[in-house]
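Multiple structures follow.
Both complexes shown next keep chain A, but they swap its partner, so chain B is in the first and chain C is in the second.
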Partner chain A sequence: MSDPVPAKPGAPKVKTKAMIQDNTRCIGCRACMIACKSWNERPADHTDFFAGPGYQNPRDLDANNYTLITFNEITTGARPNWVFGRQLCMHCEQPACASACPTTALRKTELGPVTFNSNRCIGCRACMQACPFLIPKYDYESRAPLIHKCTFCADRIEAQLKPACATVCPTGAISFGDRDDMVVEAKRRIATSPGTYVPQIYGLDEVGGTSVLHLSSVPFEQIGYITGLPKEPMPDLTHRWLRVTPHVFGFLYAVFGALAWIVHRRNKNRGPEEHHA
Partner chain B sequence: MTNHWVDMINADVVLVMGGNPAEDHPIAMNWLTRTKERGAYILHVDPRFNRTSSVADVYAKLRSGTDIAFVGGMIKYALDHDRIQQEYVREYTNASWIVGQGYGFADGLFAGFDQQARRYDKTRWAYELDEQGHPRTDPTLKHPHCVFQLLKQHFARYDVDTVCRITGTPKEAYVQVCDLYTSTYAPDRAGTWLYAMGTAQHSHGTQNIRSYAILQLLLGNIGVAGGGVNAMRGESNVQGSTDQGLNFDILPGYLKMPIEEDSDLADYLKRVTPVAANQQSANWLQNTPKYVVSLLKAWWGEHAAAPHGFAFANLPKLGRGFQGQGYAFLALTHAMFAGDVKGMFCFGQNPAVGGANARLVRAGLDKLEWLVVADLFEHETAGFWKRPGVDPKQIETEVFVLPACSGVEKEGSIVNSGRWAQWRYRAVKPIADSRPDLDIIDGLARALKAAYEKDGVFPDPIRHLTWDYTEPGQHETDPHRVAKELNGRYAADVTGADGTRVAAGKQVAAFAQLKDDGSTLSGNWIYCGGYTEEGNLAARRDPADAPNGIGLHPRWAWAWPMNRRILYNRASVNRKGEPFNPRKWVIRWDAQKQAWEGDVPDGAMPPGATNPFIMLASGVGALFSPDLVDGPFPEHYEPVESPVKNLLSPVQSSPCAQVWRSTDFDKYGTVENFPLVATTYRVSEHWQTGAMSRNMPWLVGLVPHAFVEIGAALAAREGIKNGDRVVVSSARGSIEVFALVTERFQPYYVDDKLIDEIGLPWHWGYAGIVPGDIANDLTASVGDPNSWIPETKVFLCNLKKKARA
Partner chain C sequence: MSVQTRRAGVRPLWDALGIGRLFAGFRLTWWDFVLLAIIAVGGVLTLIRYATGIASVANINNAYPWGWWVGYGIMTTIAVGGVGFTITLLVELLGLHRFHAMLRPAVLMAFLAYASAILMLMVELGRPWMVWMILVSWAPTAALYEVGWCASLYLTVLLIEVAQVPAEELGWGRALRVIRMIYIPVMLLGVTLSHLHQSSLGTLLVLIPHKINALWWSENLPLLFLFSAMMAGPALAMLEHLAAARWLGFAPRMAMLASLARIEVWVVAFFLAFQMGDLLARGASDAMLAWNWFAIAFWAEVGLGLLLPLVLLMLPEVRQRPAGLATACALIVGGVLLHRLNVAVIGLRVRHWETYVPALAEIFITLGITAGAVFVYGVLIRILPIHEELRAPHAAPRPHAAPAGATHRAGAATAS
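Here is the complex of A and B:
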């Protein structure tokens, strides 16, 4: 287990980055999916017709698709509607995956991305069980399987570029910038166009806050988002107990150490003839 | 477009009809997103709720082929509610012009229809002329035969209830669209009208567009920021290709092709040079002779001299065409099937999949002696001889496939829908021996010239052709040489009116300087001004906006004509040069400086009597237009294959439409055998016939297989589930595809009759990574009588679940 990289007290704060995924602007064109595959050099999918509602392909995120546009037909009476959602790693402020990973293959960096070091991954899939958004995907086809997920284009961000998806989106559905600014902008959009948005920023508070903030014109559960998540960071749930571990061991060490000392003393006090039993 | 992409941010209301920009012009959605942020409404009218509808404020369903009913109703709504820009309509349109007594309209036909020939005698639609030969006018717009009153009369039948009965649009949505859109009649509000193939590909496609123009003129939306009639063009450089005159009926710069009857240059110029209707008309095309002579001079150089009509004899002349039916695609494919066409060059096109009545097209290819295909991949046309069901040994065509390189592997310009010519550099060298089209044509031309030096029938047009697009001794062409020639230069030393001398060889600065005496040459007058002594203006990338802040970006690339970004912009000001909308002014007259500021004014003359529509002989916007062959006003007719009777008149479909019946492929169905309406369209993930996109594994992964979209109610009735295999058939053929069941396609009630419509993306063929059946096997050889464009957007079909073997 490892804790997320803690900020050193007093160190100058590097501005952590975030994205807004504004589904009211998304036209479902999937340029983001192709740009992501291009940048991450993922192979093409062999698909049959469509795997999800509408034109959705593939059905879910997987080892070759780090982001996915979902197609959701929501019909009210005679009025059809088509709303698109996007799935990708949320790059949580306090990621459960990094907390669960036994080899520190996953790490929350200062700039925002939760990075993945494939050299350290042992394919144990603890991260898959820990992630509340069900993001890391396993490479079931491989003999040396690793997990796969969105990298937030950490290399591009370091080079002062935007993530590949944000770069190609034609409508500006994907915005990129400092998280503080993105939060302000998301709130501004909801405030100025209340009829357009449900008044919720998905990712603002969920599991302690994430680096991808989603906006939607319909309730998030209608477009396949996992809702009802707690506000507290996931590592806190286990940390509450696991942080006691050293103390428990320390306590047990003290107890057994004391018992050993007591028994040892008793043996010493009994004298030589008691050893001949 | 009369306007341009960025200009959409100035619109208060955007109406998208016959187009799906979210899927087919996704970059445009950037501008539509921004205009929505500023509070604009987006209205989408479409048979199917698609990805554009998903971001629209109002979606109105429309049965394919009933666009004129829809827009005719909007015209009536605007007239009834007095939502017209009064000053604009009175001053800048032909609303006040009086039409002669020969004109009439009754029972679905305009005056002058010849049943036998299926054409109109357009002299019946002439204006009433005064003693000087100018059209009479009534500025009060009350004369019973003035255009305004005739317009009102014509569209009186297009009331909301009738319209909705025809189109199947829910009344509430229809009235919402009418109300929101006609609100742009106010001088400080603008509406932009976006359309694409859904408008054009009909037997009355040109009249569809006319209906938009009429409505926009009534609302004062032409020539203003955020307005316009804006075609979203179908390919990245189709604007460039029509600009260069690749269509059979035009020369570069939209000059008219000569016809057999033009015995010499003088004859031709007399026929094609318009005469001003009155003294207020600037009639810019009176300068046609200068542009024609400069073109001839560009092509034949010193061999184009005054004594011989500047080599006019070298231009091909149009006859009556294939089988007397003209030269357009539908006529060509029939001629091919009849064995009248020996060989074909097919550059960047895949008619075996993309052509209407595609089985006929492929049967026509079988008859060719030779075929030369230049493309990036070996597509269905290149491989027509080995298609499924065909024995290559039976086909005698000799096929040459020339590998062409892609847009990023060559230098040159691309002209977008907004007329912006943007120069592009070569990013990577072409793969293997694939070559730019320019190199391929250059090699062909030089070989032809060499052959014609030896012998040939009528060798002069080729032998004497100026052809110098490579540096001497070089193999690769230089697109700059072509661009410079298109702009034009002085063929001789010239002394201007003010005494300044310009030396021969200097680039011409503007087409106003082109001459008809052979002293100038220009390969395309509308591009004159784009590559001057200043340099290659299409290569400019200064993103700064102009002072009026309406997104003109005057130094980003170069727009034709003369970098004017909004056409007819003199209609955005009153007779004193004051903008109708000072907040979003396009041009305005500075009385102190005695000059215009803002966009390049459409006609540099000071404000006053000169009318703003300078490219029309009339000088004014045409509410009534005697120019089209099928009527001076649009009239609703049903498509040639329709499920219902025309509710508006006894004339079922366009009386002038070209309807082929000469081959076994030219069969037509009725609603009894083919009860469903079908339409065709595209998806974001694929491009045209899939010649490129179905060779891209990532794109194929998103959308792999051919499918048909059908409504949930229809699917339930036929026992079809999402993902089932189904057979879709028309009178011309049948195909097998996946069924995609959706709520987004809902049936129409047309006069209490339930009509279902289904839709087929047409991207598949037998080549590529994933093959699929060809949707155009179902479409018909029916053409619009003005543009000859095929009616591929609406036909009748049937649908059956595929029986399991």
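Here is the complex of A and C:
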């Protein structure tokens, strides 16, 4: 797997890419799922068609499926309707998964993708636990399992191509470009057709902003999106504790050292008979 | 030296180091065989796990990537391993030498707890052969990175502290001199590292407020984890003293235990106040009064693991009797287990169609490892001078209970 250069704070700013997933334009053809499998060389799997909610298949993302069109039966207007949603890695601006990875196998790259370096993974699954969107999956059946998630086709983006899913979408539900432009475009769509969209860009500032921006015709919780997430980046929560670690180490060592010295002196004064470690 | 080594080559290394002598008169009891049977079951299941993958033995899944292996195997095992730094803190840093008899058992238990946590990690990790990658990475934002570094350094510290005992017993003079020389800074390092990684285990879970029930998720989880380890430590030390007294046949030092129990009352009361204060400050008191499994698990943890032992320890007639004290201490250790399970497994729910209940195989693998630690502990306390009571003149006569000086000289003679 390719491992593009990670973002460096001092480096000249490269424009971060983003993708709009406009669910109002989705017709549920699942071409994106096929293109994704094809580019990422994921095998086909045998599934039961009605195992999940209605026509949605497979039920969930897994090690072989990096993106999934969700089929949600919702009454819109007078009749029940399918309203589609899409699951894929959100490629957070400040990803919880990468912050939790003890071996930096997961990294946020300058261009936007959160990439996975399989050579560094120890299989602790801290990323799966950390992800607020429940995206990284694992192949528990394997003897040498790896984390699997959408790559944002980092290798294609490096080569100035669109991600595979964005290339094949027949209805223009997936747009790809610089994040700044995508935000403007998403806002424009909501402003110009207020009847079509709920006035929310999912991913604009969820957990500090993401590289995938979702639009919908119904409230996001109705189509299975995880809502109620904080606006602050998730890594802030642990950073508060971890950044003080070196100072705490020095402080505690000094305090305990002082205590040991006092106790040692007291024992010396008292006589050598008792103390032997 | 080289001639000596060549001549010694005829004998097994075992005898050359004088280890064989330690086992003079040693015999396995029925209790050892029970432990060996559990180890065998766990061992077979572990082989299956390596041969056919995690899915063949465990129920952990994409929604619940951490289960019993992390909740019990890592988080609880490390918490009870806190016995090492808590007793060291009391004896070496606060100068409470009346607890000196508990120091060696505590350090040995901690060493075995950490060793078993590492073993469990080797089972739990998907790619255990890559675990060294933590030590060649730079990932200061990851709590697990800190836990990995601290725990492996601390295991080394414990090994050095434990090695002192066989070095003394077998007369490894040079090794012993080195260990004694570096003991104080190394011991200080151990206590400091313990504070850091015990709390970092909590930091791991601070990252997922959206997954953990309000009863248990708190920004202060690092402190809760540190304090609960400090609470589990003395309880385990007292439990060990009572158990060892019974099995090795010495009279438990009830005055010493009662004195530690009086300190433990304050530790438990402090933890209870801290946990409740934290809950109220976060405004999670509603969740305490809800009628659901979370609240039941919570009250089991607080009621059986904190309130009941607190009351028991406060009663002099209970804490001064071995059975009463053992009950209270077992409840505290069990309460810490339930606390860790509640935070990391039971209280953790994702909005999902998947569920998680640990598989029997999953549980038996960890029981096998714990049984292994208990077995090794049982052997070591019978062949090495871990308990001062067995070296005291009034102790029951036993083959290995000869005065330390005598064995030291004998060992030195063998080695030279």
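Rule of thumb we're sticking to: the second predicted complex is superposed on the first by the 242 of 277 C-alpha atoms of A that agree within 3 Å, B and C clash if a C-alpha of one lies under 4 Å from a C-alpha of the other, contacts with A are read in each partner's own complex, and residues count from 1 in each chain.
Criterion: contacts are C-beta pairs under 8 Å (C-beta built on N, C-alpha and C of every residue); 3 or more make two chains touch, one makes a residue touch a chain.
These numbers come from a predicted model, not from an experiment.
Trainee: So, A:259: does it touch chain B (first), chain C (second), both, or neither?
Mentor: The answer is second: A:259 touches chain C but not chain B.
Trainee: Return first, second, both or neither, reflecting whether A:25 touches chain B, chain C, both chains, or no partner chain.
Mentor: The first partner, chain B, only.
Trainee: On chain A, which partner touches more residues: chain B or chain C?
Mentor: The partner with more contacted residues on chain A is C.
Trainee: For A:129, is the partner it touches chain B (first), chain C (second), both, or none of the two (neither)?
Mentor: second
Trainee: Pick one for A:83: touches chain B only (first), chain C only (second), both, or neither.
Mentor: first
Trainee: Would you check which partner chain A:59 touches, where first means chain B only, second means chain C only, and both and neither mean what they say?
Mentor: In the superposition, A:59 touches chain C alone.
Trainee: Show which residues of chain A both chain B and chain C reach, each in its own complex.
Mentor: none
Trainee: Chain A touches which residues of chain C in the complex?
Mentor: Listed in rising order, the residues are 50-56, 58, 60-63, 65-66, 89, 92-95, 97, 100, 103, 124-128, 130-131, 133-134, 137-146, 148, 164, 180, 183-184, 187-189, 191-192, 195-196, 199-200, 203-204, 206-211, 219, 222, 350-353.
Trainee: Report the residues of chain A in contact with chain B in the complex, numbered from low to high.
Mentor: Touch residues, chain A against chain B: 24-25, 27-31, 33-34, 37-38, 43-50, 54-55, 57-58, 73, 75, 78-84, 170-173.
Trainee: In the complex, go through chain A and note every residue touching chain C.
Mentor: Its residues touching chain C are 52, 59-62, 96, 98-104, 120-126, 128-130, 132, 134, 137-138, 140-146, 226, 228-230, 234-235, 237-243, 245, 248-249, 252-253, 256-257, 259-260, 262-264, 266-267, 274-275, 277.
Trainee: Which positions of chain B touch chain A when the two form their complex?
Mentor: Residues of chain B touching chain A: 22-23, 26-27, 29-30, 32-34, 49-55, 59, 170, 683-685, 697-705, 707, 723, 738, 740, 742-744, 746.
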